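What follows is a set of notes on a single structure, which appears directly below.
By written order: A, B and C. Residues from 1 in each chain.
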Amino acid sequence: MTFWAFQVLNGVSFGMLLFLLAAGLSLIYGVMRILNLAHGSYYVLGAYVALSVVRATESLLLAAAAGTAVVTAVGIFMERVLLRRLPRGEELPQALLTFGILLIVGDVSLWIWGGTPQTLPRPEILSQSVRLGPIVFPSYRLFVIGAGLAAGIGLWALQERTRLGAMVRAAIDDAEIARATGIDVSRLSTAVFALGAALAALGGIIGGPLLGVYPGADFEILLLAFVVVIIGGLGSLKGAFVGALLVGLLDNFGKALFPEFALFTIFAPMALILAVRPTGLFGARP
Amino acid sequence: MTRLGAAAGVVALSLLPLALTSYQLGLLTKMLIFGVFAMSLNLILGYAGLPSLGHAAYFGVGAYTVGLLAVKVVDHFWLDAAAGLLAAALTAALFGLLALRAHGSYLLMITLALSQVLWGIAFGWRWLTGGDDGLPGVPRPAAGLPFSLADGLRFYYLVLVVFALTAAALHVVVRSPFGRALVGIRENERRMEVLGYDTWLYKYVAFVLAGVVAGLAGVLFVYYNGFVSPVYLSIVFSATALIMVILGGAGTLLGPALGSAVIVFLENVISAHTERWLLVLGLIYVALTLFAPEGLLGLVARWTGRRAS
Amino acid sequence: MDGTARVVSALAVEGLTRDFGGLRALDRVTLAAAPGERVVILGPNGAGKTTLFNLVTGLIAPTAGRISLLGRDVTRLAPHRRARLGLGRTFQITTLFPRLDVLESVLLAVQGADGARFTLHRPVSAFPHLRERARALLDEWGLAGRAHVPTRQLSYGEQRQVELILALAGRPRVLLLDEPTAGLSPAETAAVAAMIRRFPRDLTLLLIEHDMDVALDLADRVVVLHQGRVLAGGTPDEVRKDARVAEIYLGVDDARG
């Protein structure tokens, strides 16, 4: 019993990290029809920058802020300077450009921070374990779950309750009509891209103490984020949340129960969704 | 490319070894093998308009199947090569069923994810594949010919023959009604459906065909290299194939082969001076998509067009 | 046709309904076209006309109702199967092959109705009858001089004409034309209308049109859609005089016919 409860909480906490990534990825695609492969870079770059800052200043708060700021700046640069120059409506050039950034950031990170896996330190107050009924659970993981839920609620409120959210929803439905009704799609695009980048950076920073950061982590997390949006549907916040929980749990249980076949526990549901609903559980019409 | 041009090209490639060192010949062999790989991707990307980030899957399956059989089971060229092609075909047949109901970015993600599953197997099942260390010790094929193919020159000619036959076969397919239909599907799939074409079926057949040819390249490669590792199932390798196609010119028959020659050459030169090959590759991606989306052949066409007008 | 025998409609829809989330775009629409009949579908924007065409073509699935083509139930058939049974269609927004030239485009359309279309191992040039038919079509409809022009470089009027030729290439028995004269100048409109008048008389036509003169001139019968439902139907004269139609579609001041 305790084993299962532990695994479920572990899976949920991992799922929340995935949600931070998938939400940004999904949002960027929904508004701008860009599949941002550099999202994996945002994750590791956030973690690496935070690592350097915390080593220099001993302040995790400052590190988190710095990591997020740097990555957000990279995201804004990518959107305004690079992606804007590409022809609209063609998805492959955009994917390739963002993939180029993925390679560049990955190699530069290897150059600067080296190839040894590193972990971010946990904050003092969250280093204890907490007793939840019969199980003892690291409080940091609870923090991660809380952070993910907070982000989810925040994003949902933003989407449903605010003017910005209304504009995003309109742009997701139809960018042309949104533009016609006076929405500054250009500024909106930059804002959305920045938000997505920031979320991914936070994912890397919050996940740093748990998963560490190492060469190749960008590809691994990107792949999982893809599986999440394939299952949940590109462009849907609900889909990102449900998909992330599912993938987080499946990945965790897969690694715990059948480590040799861990990839298949994710692959099988993904294949099922592809066969039954190719655009995901909550995805937009094809 | 006219028949005369093609013949001249084959003759040139046949004579070229006389001027090259054995190291350079090895490089040229690699260029031709990757040329076959890139041409296979071009069939679905350039002609049918299907963006795939997982084409390495079929290359890797072909390579690993031959490698595993040759090293662990029986070293018999025709048997092993046929098994490699069959494995690649079956993989493409399976993956095609899963991927082809999707379009655009979904297709990119799905092909990537599917190929990553295979990468994960190659990486994780050390007992089978040697994991990250790879699978060494694949001998040059003893193809039942009166001479050995272990010699670099002879192996080069084998590869050249396969390359030329593949190019010729693709040339026929691309100009067939099937091939023209693929182009129509790329330009406007909905229109094609309404004109009576079962577009999914066309895409599927093209996908499996491309997978088999990619597997062929993989088979050749593992014999050439004597060694295979998960790198050849990785996203970076799939994306490198994409860059080769786009660099050379998607939708032209030999453009991808040109692109592969350029990339193999660049990698060789740059890796000799720095470890930052991936950084350079990334910069090439960014530069290519921003400044030369039609590839080198497209650039040339634009310049000559400008001078003519 | 023997007047007492039951004539099989060329195209018939029964109770056709389509919902998009909470919006009912088409509500229990029933209509039929006899072989060779020219039926014009009128209605303001959002009335469901293009949705009707998309359902009949098979690009979207109905929420309820049936569709039959030449006596055969095609409600569940894929678009390409309906095309093979003799259904052709043009689109309101020109859907051509941007980078292909006119001849190549028509060639694809001709090929679509031919068994040769699956051939992998022989070039298209090995089937000269395809090219000949493509050229014949271009000659017949006056576009032979533009054969090698990429379709995206054609004038809008020419593009609409190519759109029509593509639909005719497969020798359809039933043809759906979605606003063929939309966005055309008066001269171009007249040219397209003349083209439609020259279509084989046994070809059944369903036409969505906004240009009232063209519509009422070509029509044997008119069906008016409004908010997803059939509002009125009849001969052009009857519809012209129908007060309900005048009110919602033509504008209040046109009721005088």
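Basically, a residue touches a chain if its C-beta (ideal position, glycine included) is under 8 Å from a C-beta of that chain, and two chains touch if they have at least 3 such contacts.
These numbers come from a predicted model, not from an experiment.
A.B. asks: Give the chains in contact with both chain A and chain B, ordered by label.
C.D. replies: Both chain A and chain B are touched by no common chain, going by the contact rule given at the top.
A.B. asks: Which chain is most remote from chain A in terms of Cα centres?
C.D. replies: C
A.B. asks: If you average the CA atoms of chain A and of chain B, how far apart do the two points sit, in angstrom?
C.D. replies: That gives a centre separation of 32 Å.
A.B. asks: Using Cα averages as centroids, what's the distance between chain A and chain C in whole Å?
C.D. replies: 47
A.B. asks: Taking the mean of the CA coordinates per chain, how far is chain B from chain C in Å?
C.D. replies: Between these chains, centre-to-centre, one finds 43 Å.
A.B. asks: Can you list the residues on chain B that touch chain C in the complex?
C.D. replies: Within the complex, chain B touches chain C at residues 172-173, 175-181, 183-184, 187-188, 190-199, 205.
A.B. asks: What does chain C use to touch chain B in their complex?
C.D. replies: Result: residues 57, 59, 78-80, 83-84, 88-89, 91, 95-100, 104, 107-109, 111-113, 116-125, 127, 130, 166, 169-170 of chain C touch chain B.
A.B. asks: In their complex, what parts of chain B are in touch with chain A?
C.D. replies: Residues of chain B touching chain A: 51, 53, 97-99, 101-106, 108-110, 112-114, 116-117, 120-121, 124-125, 235-236, 239, 242-243, 246, 276, 278-279, 281-286, 288-290, 293.
A.B. asks: Flag every residue of chain A that touches chain B in the complex, lowest number first.
C.D. replies: Residue list for chain A touching chain B: 29, 33, 35, 82, 85-87, 91-97, 99-108, 111, 219, 223, 226-227, 229-230, 234, 260, 262-264, 267, 270-271, 274-275, 278-279, 286.
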